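Here come two complexes built around chain A, the first alongside chain B, the second alongside chain C.
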Partner chain A sequence: MSDKETTAPRRLRFEIFRFNPEDPESEPHIDFFEINERPYMTLYMALNEIRETQDSGLQFDFACRSAICGSCGMLVNGRPALGCRTLTGDLPETIRLHPLPAFKLIGDLSVDTGTWFREMAERTEAWIHEQQPFDKDAQEERMSDDIAQAIYEGDRCIECGCCVASCGVANLKPDFLAAAGLNRVARFMMDPRDKRDDADWFEVVASEQGVFGCVGMMACADVCPKELPLLEVYAYLRRRTLGTKFLAD
Partner chain B sequence: MTSQLITTDVLVIGGGLAGERCAIEAAAAGQDAMILSLVPPRRSHSCAAQGGMQAALGNCVKAEGDSPDVHFQDTVRGSDWGADQEVARIFAEEAPIAVRELAHYGVPWTRVRGGKNKYFIKGESVEIDEALENDGLITHRDFGGTAKWRACYAAAGTGHAALYAVDSQVVRLGITVRDRVEAVSLVHDGRRCIGVVARCLRTGKHFCVLAKATVIATGGYGRIYGRYTTNATINYGTGAALALDTGIVPLGNMEAVQFHPTALSPSGILITEGCRGDGGYLLDRNLHRFMVNAEPEKQELASRDVVSRHMEQCIKDGNGVDSPNGSHLWLDIRHLGEKHLTTKLLEVFDICRDFAGINPAHDLIPVRPTQHYSMGGVRVNKDGEAYGLAGLYAVGEAACWDMHGFNRLGGNSLAETLVAGRVVGARVAEYASLTTLHANTEVAFAALAAAEARATTLLQREGTGRSVYEIRDALGEVMIGKVGIFRNGDDLKSAVEDIRALIDECSNVVLRHKGPGANPELAFALRLPGMLRLALTVAMGALARTESRGAHFRTDFPLRNDREWLSRTLARWQPDAGAPTLSYEPVGLLDLPPGHRGYGSDERIEMQATIGEYNDAVSAGQVGEGRLATFEPFGSRLRQSQGEAR
Partner chain C sequence: MKTLTNTTNVDGARANGRRQIVYELISGGTGLVLALFMWGHVILVGSILTGERGFNWMATMLEDYYIAQPTVAAIFTLFVIHAVFAARKIPAQLAERRRMIALAKGLDRAGREKVPSRRDNSPFVPHLESMLWIWQVRTGMVILVLGSFHLILLGVDVFTPLFGEHAGIESTTSMARVAAGLWLPYAILLLCVEFHASVGLYRLVVKWGSGFLPHRRYLHRIEQFIFWVVLGLGTITLLVLAGWMSPPLEFLLTDVAS
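Moving on to the complex of A and B:
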């Protein structure tokens, strides 16, 4: 880092996709901006600097700016990534930014992930289907810490949509659950508090829209900012659903 | 295309934990609930809570003997006796239920592992045998200012796990969520709140939502401190600003602003208190553990206000670590080992790697106290009803309920969101079931027209001058420089003048971008005046309070003064006034008498009245306001039926 501080800062050139669907005169195009790089600069800092000093109409989304909330997925030189934790220092001087594909565009770099994930959650009934109603006077049900840790691992998905945007199938078939959806399903499948059995799960995931829609390119696993074990998730789901089929026969 | 006027039974502004839990309670009671949120709910700032949620389950060895009563006492001590003790009591008793309910919703709480467990306590590696009969129960970690280990946790992603579980229930119940929508004003007739005017952040269009009950759950106002905050970029204090704009509803204790000891320097990203709870140290430039001398009893785990002051003093004394971005101190968690850091503190490990380029198993973490939490907010009674307007409620960080007083304990905010969501949600549902929709369209359309006119005026104004972003940055510098951890009368007077000048400047601000649609600059320009008014309320409250209590520390009045200041600040902003009007009310009935907190200074100015006299005055005041006597469980319902506010 000390080397970077002593040499002259780089001049970064941004090529940013622009389109405002609310403006009848707006046409999709690329705008160009230049700023000086600063130490430890992230795309969060860079995009805000561009908006605040050069084009205050530029649309993008950030909230936590610490890779927790999942707001700021975007294509960075063609690859889905979280803007907030992408260091410009890891990128060439020319940085191309596009909105995530597979989601509805709101404007410029901003896309509607909220609607996609809500629909996914409704379709897969992504909530605990409990055995008993909550008893506020009872001690909590026991769970081994190993199982709790395994569920937490799947629960860490921040629904940023990077895996969906990177998925060849999800880009062609809007109803494909994609890695985020299937990881969510797997998380509930392994949770002993959820009473759904293998036959129930078969209905949810054993289809073209579910785990058998995946053609195995696994870009999702490469781009996941939380480094979720998506290969294992797909393997787990295939194993569980195939097991169901054999049992049914 | 949204219609200009929509209706619902219960309208919740804000899709974080408090708002969602409240909406669940209302929906489960059969009310039609709608949530408005700036972002998809799972992106709310609740997701950034890391280390834990306090609840006295007493499941592990270091939690033995814990109870809601001990939790209550810790909370009141933490508040420096500024809390409403009845609320703190309700909270402590309900917190275990809230944690278990989250387990029921699916939160993968870390569990007790029966048998030998290795912990770090006060610098020592300790082996403790956890009882086998407790295996599989929800376990606890240590946090600051608590007598027992009490924080329940899911690694360092507790808020994330809680928010996803609660939102899954919102989806299950089919609660309508309108994301990318910002409330811009409350619709009221001077007696009753009947909904809001909102602006769609996709299209830029305004619309009205009318409801029987309206709940403010918009979180804290950390962003008035500019970039000197751990808060997300969306924490503008919108709900508090809307309440202040009514001229009727007061804000409580706005000067009570918490600084978290360990934000990553310089980015301000939170590093959980769980690091110190799990045995981490604070070190100065000489790698000396200065907290051991400063607070022999609690060491790094005194309350946040106390630790933050020791850290700032350490830096003032020249023992900070110099860097191009200013001084900082070190957080050392290397001795916890890589396995612990990549499991129980995984999110901290990731943040250090991604935002500071370091591995906390091998490197020290640069930290500095940074604005973190807003104890102040919309003043509500024990049922969550805002003072002054019927049908208006507030919950969570947006509210001054007031269980935190002048300093919140770590892990108590996450617990508050769920407890208050349950308690207040039940009251909201009850209120909504007993009232009819007051669809006063004349008032609603007048408010809608006023909001649209505000936007149009901004878009049409021509001229030069500083941008909204430059004014925001100037505000942040004033707040951190003059209304920060150490405060004094001269700085605060100067801050008040500075902020008033910024308010004047903002009233003539000119937009650079005037295009149609959401227009992010216009959206910010619409919220900036509210942020400035909140900032002035904070600064004026701090200037008027000539004592030191919790996070409010005056170097010119360094003692807590229970004789004159055992009170809560109320701030109202009369229409067209240039500044808020301050008044005071007692903190509430005293159960635990004011005394030494067990950390920090033991010097104070004692109260003159007896506890009995103080409590008699509180009760008389409450009865005078038409409230039921406070032995009634939640103690604040009005004698008049159906919750006409006072």
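Moving on to the complex of A and C:
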């Protein structure tokens, strides 16, 4: 990087999708912007510079700028990625930005992932289901370290929606749970505190909206900014449905 | 947890779940058997590499012991079943397919550009498997047409005395056909089948085995190695069948011949 810093900065050319669904005058189109690249520049920095210096109406989402809030997912040259975590140095001089597909467009690069994730969480009832009334004096149940680690691995999901946007099935079927949804399901299936058993999960997991809707394109695992073991989650759920196939009605 | 499902009919949802498992097992299982059969097939047809003697011995043996006839019938049945159940996930509408292809192309191309400043650990690496799935659908369509033709032709060969000097597969008829022009559909079929089978096996293994198998990076390398080996063997076999190359392993049977 040190010799590259001394050479002249690259002139980056941004091709950004523009459309405001709220405005009846607005037509989907591509706008072009040019800025000078700076060392260690991220898309977060680049887009802010464009908004500050060239087009104050440009819509995009950012909050934490450190890959933990999951707001800045966008299609970067055709690949879903987090804007804050993507260095322009990894990209060619022409950078094409589109909003994430499979989600409702708010405007330009901003999409509504919240509604999708809320619906998914409600459908899968993504919270611990206790059968016993809560006893505040009782000691917390013990959990093995392996299970705790596995649950934590699934809980690292930041709900950015990159896996959903990269999924061929989720792009065509709005009710497909996709990697983010099934990762959540697997997390609660593994959790010993959750009293739902395999029979309770069966209809959700073993359906076209669940693991058997997947065609195996494997893009979810490749684009996940948190590098979650999504293929392992799918394989785990597939194998687990086999055990429950013949359960009683 | 009846509220888990969108449907109010939980029994219907459970029955549907069972059906989905069966469909998945049928499409994967038939694919597995057909892919394994294709490796055996390359070895059987590869008997031509030892010359016409070896080929005819193999064909006659398989027919005399009634191995060839039920195999052709069983493979044709599995072939049709696999087509029906594997095709259930192909989007029906052209607009849907175009959207999938556009998505897969974008994922495949991102990261291919030459960028001098790109870090070694950049997340921008091309993603192949979505495009491989698209190509599996395409090759599957080709195999459905050309494979049906091939299976019917071979069915006629092993079940009726319509062609050749005796009922069954014989080198004279097979080589004459391939040389007369069947080399072209067979070359296309060979390429499509080997691609479809090796990618399909790779996908099947990742779908069910991720977690306790080696990382798919290595599985993909194994898949590519198998693809090229079998494709190479198949190509040489086809060249010999077309008469453009003399059987390279003929020396193996010269003692018997003399």
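Keep in mind that, in the parts below, the second predicted complex is superposed on the first by the 244 of 249 C-alpha atoms of A that agree within 3 Å, B and C clash if a C-alpha of one lies under 4 Å from a C-alpha of the other, contacts with A are read in each partner's own complex, and residues count from 1 in each chain.
Criterion: a residue touches a chain if its C-beta (ideal position, glycine included) is under 8 Å from a C-beta of that chain, and two chains touch if they have at least 3 such contacts.
Treat the numbers as computed from the prediction; the structure is a model and nothing was measured.
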- prompt: Counting only touches as set out at the top, which of chain B and chain C does A:Ala63 meet: first, second, both, neither?
  reply: first
Message: A:Asn183 in the overlay: touching chain B, chain C, both, or neither? Say first, second, both or neither.
response: neither
Message: Taking the superposition on A as described, I'd like to know which of chain B and chain C A:Phe202 touches: first, second, both or neither.
response: second
Query: Which partner does A:Pro229 reach: the first (chain B), the second (chain C), both, or neither?
result: second
Message: Output check: A:Gln149 vs chain B and chain C. Expected answer is one of first, second, both, neither. What do you get?
response: first
Message: Let me test your reading of the model: by the given contact rule, A:Trp127 touches which partner, first (chain B), second (chain C), both or neither?
response: first
Field: Partner chain in contact with A:Gly114 - chain B first, chain C second, else both or neither
entry: first
Message: Using the superposition on chain A as set up above, list the residues of chain A that contact both chain B and chain C.
response: 1, 85, 125
Message: For a test of understanding, state which residues of chain C touch chain A in their complex under the given definition.
response: 1, 3-6, 10-11, 13-14, 16-18, 20-21, 23-24, 89, 91, 96, 99-100, 103-107, 109-111, 113-119, 122-125, 127, 129-130, 133, 203, 206-211, 216
Field: Residue numbers on chain B that touch chain A, as the complex places them
entry: 39-45, 47-48, 57, 97, 99-101, 103-106, 108-113, 135-139, 154-155, 157, 160-161, 164-165, 168-169, 171-172, 177, 179-180, 202-204, 232-234, 267, 269-270, 324, 343, 347, 350-351, 354-355, 357, 467, 469, 511-513, 515-521
Field: Residue ranges of chain A touching chain C (in the complex, touch as defined)
entry: 1, 4, 10, 75-79, 81, 85-87, 89-92, 101, 123-125, 129, 166, 168-169, 171-172, 175, 196, 200-209, 212-219, 222-223, 225, 229, 231-232, 234-236, 238-239, 241-242, 245, 249
Query: Can you name the residues of chain A that touch chain B in the complex?
result: 1, 5, 20-23, 39-40, 42, 51-52, 55-59, 61-71, 85, 106-107, 112-114, 117-118, 121-122, 125-128, 130, 134, 136, 138-145, 148-149, 151-152, 155-156, 158-159, 188, 191, 193-194
